[in-house]
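Chain lettering (A, B, C and D) follows the sequence in which the chains are written, and residue indices restart at 1 in each chain.
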C-alpha cells in the first residue's frame, strides 16, 4: 500500500514537490533574480515531463477514489508538456514581474488539481480536483494586478466558476440522491434514465460545459481570455480545457454509458451551437486574444462532435486532438504573448505587415493557425479529420456536414489573420522583436509538434492503443 | 519505379529553397527541382509503357501500400494508371514552365518558389494516391499555397480573390470530406471500413448511400473544376494571381477536381453517377455555354482566359457526365490539353503584362509588331483554345464530342450540340482578343520599345507548346495511355448496372 | 502502343511509294515549320525561293501521281478505283470508329492535288515579285506552305474526320493570310469574320459528322459510303428510319455537312466573309479565295456524293442553295467598284454553279453528268479565276488601289496583264474555245435535263457573268486613261518576270483547260463518260454572254455617265444590290444586338451579380448574423449567468419532453 | 411559475420510499434556497452580495447532500462528507473572490457589477 501510494501517484507527487521547492525558495530567500527562478522552473518542469513518461503503473487507491492507467498517464503527460511550454513562453512576461514564484505555485496547484480530477474515481474526488484546478486560476487571472481588464476578467471567472460549480453540485447531489453512491463504477449500474436523473445529468453537463466553454455556457470565456495575462489565457484555453475534456470523455464513456442516447442528443445540440456561435463571434473579433478565445470555443464544438461518436476512435481522437491542440494553440498564443509582452500590441490590425520584420514569428503563427484551421500537412488536419470521422461513426451525417461547413467559416477568420500578416500593407509595422531563448524553444517545440504529430501516425496509433473502448 | 520519389523530390526541393540564399540560388534550385520532376515524369511514362508492353495488365502499376493510420484503416497507398500518368505529365510540364516564367521574381523570391514547389507536391501526391484519405490530404495541401501566392504576389483586388478562392475551394473540399466519410462508413473490406480506392471499387455500395453521398463528392470536386454555379472563384482567382500561380491554378489545380470527379465520385459510386448524370450534364452544359458567352464580354485578358477556363472545364464534366468510354477519355484528354493550353495562355498574358503593364484588351494593340515571339505564343495558345487541329484542344474536344454523341438520349444530344456550338463562341472571343490585342495598329508608342521574350520565357513557352503539339499531332499515345483506365471505369459502371 | 497501320495498295501509283505520297502534303508542312521557326531570322528573302522550290517538288510529284493514276494504273476493268494509298490510325475511339490519317486516291482527289499544287506554285512564283520587300516575307511563305499542306491534306483525306481537321486548318491558314497585314484594322476584322463565319458553318459539319458517324458506325469514307448507300444495310435502315422534326437523320446529317461546305464555299447566306477576305494580299486571294479553299465545299459534297445521291431532299438543298448563290452573287458583282470584290462575288457565283450542278446530278452513268460538269468547272475555274486574281494583283501592285475609279487605260502600260486578263474574262464568260465555255455548257446541260428552274437561273447568271466581268475588264484597261498616263509618267512598269510568267502560264491553261478530257476521268462512279458539245443548246448562253459583253463595252469602254444614269434610274434596286442585299447588316444586327446584348451581356451580368453575388451574399449574411448576435456577449456577468442557467434549463426541457 | 412546475416534476419522479414526506419538505427548502440564490445572483448589483448569493446555492446543495444521506442512505457517510468538502471549498472560493473584488475595487473604485463590463462583444 505504501509503495503503491507513492508510485501510482508519482506524477502528482512530482508536481507537488516542485510546488514545495518553489515555496522553500520563496520563504528562504528573496534575493533570487527572476531569470534564475524562471530557468529553474523551466528545468524542473522539463524534468517533470520527462520523468512522467517512465515508470508508470496501473491501479486504484483509496477505495477507488483514485485510479490510474496508461491512458490517464498519457493525458497527464500531455498536460505536463503543455505546462512546460507555457512556462517557457511566460518568460518574457514574467521576467519583470514581482510575483514570479506565486505565479508558478498557483499554476502548479491547478495542475495538481487537474491530475486528481483526471484520476478521480469518485464524484467527490472529481469535484475536489475541479475546484483545485479552477480557484487558483482565478487568482492568477488577476496577475496583472494593476490592469482593470485583468481584475474584471478574474472577477467574472471566479463568479461564473462558482455558479457553475453550484449547478454541477446540485446535479451531483441529485444523482447522489437517486443512486446513493458517488463512486463511478457503482454509479453506472444504478442509472436508468428517468427524468429527474436527466435533469441532474444536464446540470452536471452544464458544469462541464462551463469548463470546456461549450455554448451556451461559454460566455465568460472571451472576456476572461481577453482580460487575463496571455500565459494564463493560454493555460486556460489549453491545459484547463484539455484536462476537463479528458475527464468528460472518460465519464461519459464509462459512468454515463447507460444513458448514452441522452448525452448523444446533448452533445449534438451543444456541438452545433458551439461551432456556429463560436465561429460567428470569432469572425468579428479584432483583439487577437479574444479572437483566439472564440476560435477555441469553435474548436470545442468539433471536439464535441468527436466525443459524440461514442467509440474507441472517439476517445482516442479526442486525446489526440487535445495533444495537437496543445501545440497549435500554444504556438499561436506563444506568438501573441511574445508580441504583447514586447510591443504591447494585441490587435489584428497591428499585425499588418508583421511578416516584414518578423518572418519567423509570422510563420510560426501562420502554421499554428493553419493547424487550428485543419489544413494539411499540419497535425490539425489529422486531428479534425479523426474527430469528425469518429463523430460520423454514429451515422449522423447532418452533424458532419454542419461541422464541415463550419470549418469554412473558421478558415475565413484564420485566413483573415494570415492576410493581415502577409498581405495587408502597413506603414508602421511591428518592429523586429528580439526573442529570448526559452520562448524560442517553446515555439520550436510547438512547430515540431504541429508538423510531426500528424504525419507520424505512430502518435495516433499509440493513443489509440491506450484508449478505452466504448 | 518508386512513386514516392514524386513526393520526396519536391519536398527536398522546397526545403532546399528554404535554406538557400538570394534569388540566384533559389531559382536555380527551383529549376533543378522542377527539371528533376520533369525528367521523372518522363521516366514514369517510359516505365509505364515498359510495364504495359511487357504484358502487365493490372489496373494500377508501381503500387506501394503502407498502413499509415492502422486503427482507422488509413493507408498510404499509391500507384498509377494511365490517367494518373497523364495528369502527372501535365503537372510536370506546367511546373517547369511556371518556374521558368517566374525567373525574375524578386519580391520574396524564397517564399514564392517554396510555395510553387509545395503546390506541385500536393498535385503529385494527389494524382498518385490510391487511398482516398491520402488523396484528400493532398487535395487540401494544394489549396493554401494558392491563397498565399495570390494574396502576396497577386495584383488587383488580390486579397479578396485569394480569400474567395481559398474559401470556395475549401468549401468544396469540405463537401468532398463529407462524401468520403459517408463512403468510408458504407464500406466493408474484411470487416473493417476502408478508404482504399481499389478495395472499395471491388465492392458494391448500396444504392441509397451512393445517391446520398455522390452529390457531396461530385459537387465538392466540381468546385475545383469550376462546376456551375460554383465557378466564381475562377475569374477572380486567376486574374489576381501572379503568372506562375495562374498557370498552376488553371493548369493543375482545376484538374484536381476533374480527376476527383472521375476517380472518386464516378468510379466509386457508379450507380449514383448514372442516376445523377442528367444533372451533371445540365450543369456542365450551362457552364460551357454560359462561360463562353460570359467570356465574350470580358475586357481583361486574364478574365477572358479565366472565363474560358470555366467553359473548357465544363467539357471535362460533360465528358464525365456522359459516361461513355470515349467521353471519359475525352474528358481526361481535355484536362491535359486544357492544362497545358491555359498555362501557355497565362504565361503569354503574364509576359505581355510584365512589359506593357496592362491587360485590358482595349489598351493593347499591335503587339505582333514589337514582340512577335510573345504574340505568336499568345496566338498559338488562342488557336489551341479554339480547338484548332494540330493542337491538343482539338483532339480532346473531338474525342469528347464523339463520346458524348454515343449517348443516344435526345437531351444528351442537345447538350452535345450546345457544347459543339460553344466552340464557335470560343472562336469569337479568342479572335476578338487576338484581333485587338495582338494585331491591329500599335496602340501605344511605348509598345515599340518593348523587348521580346527572354530565354527563360521562350523555354517555358516552348515546353508547353511541345506538349500541346505532341498531343495535337500524335494523340494516339495519349489515347492509349488513358484507355485502360477509362475501360476500368466503364467496366465498373457496367457491372454496377447489371447489379441493379 | 499500337503500331502505325500501313495499308498500301498499288503503291507504285505514288512516286517513290508511300513515302512520296506522304511527301505531297508533308513537304509543305516541313517548309512551314522551318520557315515559321527560323525564317524570320535566317532566311529573310531566301524564304521565297525555299517555299517555291518545295512547292515545285510537290507539283511534280502531283503530276507524276496524276499521270500514273489516270493513264497507267488507276483504271481497273474500265472503272477508276478508289485507292487507299496510305492509312494509319491517328486516334481510335473504338475498333471500328477511328480517325485515320490517310491518302486516298480517286479521280477527284487526284484532280484536286494537281489543281492545288499547280495554282499554289503559280502563286508562290507570283508572290516572289509581288511581296518583295515585305517585312514578314518569310512568314508569308510559311503561311502559304501551311495552307498548301492543309489543302492537299484535305483533298487526300480518307476519313471524314481527317477532312474536318484539314478543313479547320485551311480555315486558320486563310485566317492568318487574310490578316497578314495585321496593322490594318480592316484586315484584322476581315480575317476574324472569315474565321468565325466558317467556324459557325463548321459547327454544322461537325454535328453532321457526329450523326453520320453514329449511324454508320465508322468515320472512314469508304466504309461510310458503302454502308449508307446500300439500301439493305442495317445502318441505312437505321439512319433513314430515325427522324427528327420530320426529316430523316440521313437528311439531317447530309444537310449539316453541306452547311459546313456552304460556309467554306461562301454559299448564300454564309458568303459574307468572302468579299471581306479580299483584305488579304492578292496572291492569297488567288490561291485561297478563288481556286482552292473555297471549292472545298464543292469537293466535300462531291466526296460524299454517293450518299447525297440517295437523299433527294439534301441534294435539292444543295441545288437551290447553289443556284440562289450563283444568281445573287452575279447581281451584286455588277454593282461593286472594288475590283477584288467583284472577283470575289464572281467566285461565289461560279461556285454556285458547281454546287447546283452537283445538286441536279444523279449517281452513275449519264445521269452523273452534273457531277462531272461540276468537277470540270472546278478544274477550269481554278485556272481562270486565279489568273483573274493574279492579274488584278498585278494591277493593284502598280496602281496601289483596289478601286475601279483609280484605274482605266492600263492596257498600254501592262500589255501582258491585259492580254491574260482578257483571256480569263473570256473564259469565265463562257465564250467558246475558252475553257469556261466547256464546263459551263455541261453544267447548264445537266441542269436543263433535271431542273428547268435552275437552268433558267444558270443561263441568266451566265449572261450577268459576262457583263460584270467585262465591266471590270473595261474599267481597268480601257475607259478613262488619266490614271494610266499619270503612272506612265512616273515610270511604273508592269513588274518583274516572276509576276509576268505565272500570268502567262495560267492564261495558257485558261485557254486550253477546256480541252482536257475530264469527263473521261472524273465521274460520279468512276466510269468514263462521253460528252459532246451541242451547238444548238449552246447558242442561247453564248448569245447572252455576248450580249453581256456588248452591254459592258457600251457602258464602260469609254468614260461616260451612262452607268450612273442607269444606276440612278434603278434606284432602290441598285442600292440594294450595291449594299449586297443588306445581308451584312442583318448579320451585324443578329450578332451585335441579339447575341451580344441579349445573351453575352446578360450572362456576364448574371455571373457578376447573381451567381457571384450569391457567394458574396452568403459571406455578407454570415457577417450580418455575426453582428446581429453580438449582444449575447454583453459583457455583463449577470446576463452570462442567466444565459447559462437558461441554457441548462432549456436543454433539460428539450431532453425530458421532446427527445425522450 | 416555472420553478414550481419544475419542483412538481421533481417530487413526482423521486423514488422517496417511506421517508418521502420529510425528505420532500427538505428538498423543497433546498430547492427554494437554490433559486433564491439564483435570483440574488441575477439581480443584485453589489459584488459581495452576488458572492453571497452564490454561497446560498452551494448551501442548498449541502442541504441536499445531508438530507439524502440521512433519509435515503443512512448506512454510509458519503453525502455528509461531500457537504463538508463543499463548505471548505466554498470558503476558499469566497476568499479568492473577495481578494479579487478588493483588487478590482482598487482599479474601478466601485464594486457595482455593472461597472465591470468593459470586456464585451
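Methods note: a contact is a pair of C-beta atoms (placed from the backbone, for glycine too) under 8 Å apart; a residue touches a chain by one contact, two chains touch by 3 or more.
Everything quoted here is computed from the prediction, not taken from an experiment.
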- line: argmin over chains of |mean CA - global mean CA| returns B
- prompt: Out of A-B and A-D, which chain pair has the most contact pairs?
  reply: A-D
Message: Suppose each chain is reduced to the average of its Cα coordinates; what separation in Å results between chain A and chain B?
response: 42
Query: Between chain B and chain D, what is the gap in Å from one C-alpha centre to the other?
result: 64
- request: Using mean C-alpha positions as chain centres, tell me how far chain A is from chain D in Å, no decimals.
  value: 27
Message: Taking the mean of the CA coordinates per chain, how far is chain B from chain C in Å?
response: 36
Contacts with 2+ other chains: residues of chain A: 155-156, 159, 163, 167, 195, 199, 222-223, 284, 412
Query: chain C: which residues touch two or more other chains?
result: 619, 630, 633, 635, 637, 641, 645, 656
Statement: Note: chain D residues in touch with at least two other chains are 9, 41, 50, 116-121
- request: Note which residues of chain A are touching chain C in the complex, please.
  value: 155-156, 159-160, 163-164, 167, 195, 198-199, 202-203, 205-206, 209-210, 215-217, 219-220, 222-223, 262, 265-266, 269-270, 277, 280-281, 283-284, 409, 412
- prompt: Which of the residues in chain C end up touching chain B in this complex?
  reply: 1-2, 40, 89-94, 97, 99, 161, 164-166, 168-169, 172, 175, 179, 182-185, 188-189, 191-192, 195-196, 199-200, 203, 206-207, 210-211, 213-214, 595-596, 599-601, 603-604, 606-607, 611-612, 614-615, 619
Message: Per the contact definition, I'd like the list of chain A residues that touch chain D in the complex.
response: 123-124, 127-128, 131, 135-136, 138-139, 142, 145-149, 151-156, 158-159, 161-163, 165-167, 169-170, 172-174, 176-178, 180-182, 194-196, 199, 222-223, 226-227, 284
- line: In the complex, the residues of chain B that touch chain A are 68-72, 74, 133, 137-138, 140-141, 143-144, 147-148, 151-152, 158-159, 162-163, 166-167, 170-171, 174-175, 177-178, 181-182, 184-185, 212, 216
Query: For chain B, which residues are in contact with chain C within the complex?
result: 49, 53, 164, 167-168, 228-229, 231-232, 235, 290, 293-294, 296-298, 307, 325-326, 366, 368-369, 372, 383, 386-390, 394-395, 398-399, 401-403, 405-406, 416-417, 420-421, 423-424, 427-428, 431-432, 435-436, 438-442, 474-477, 479-480
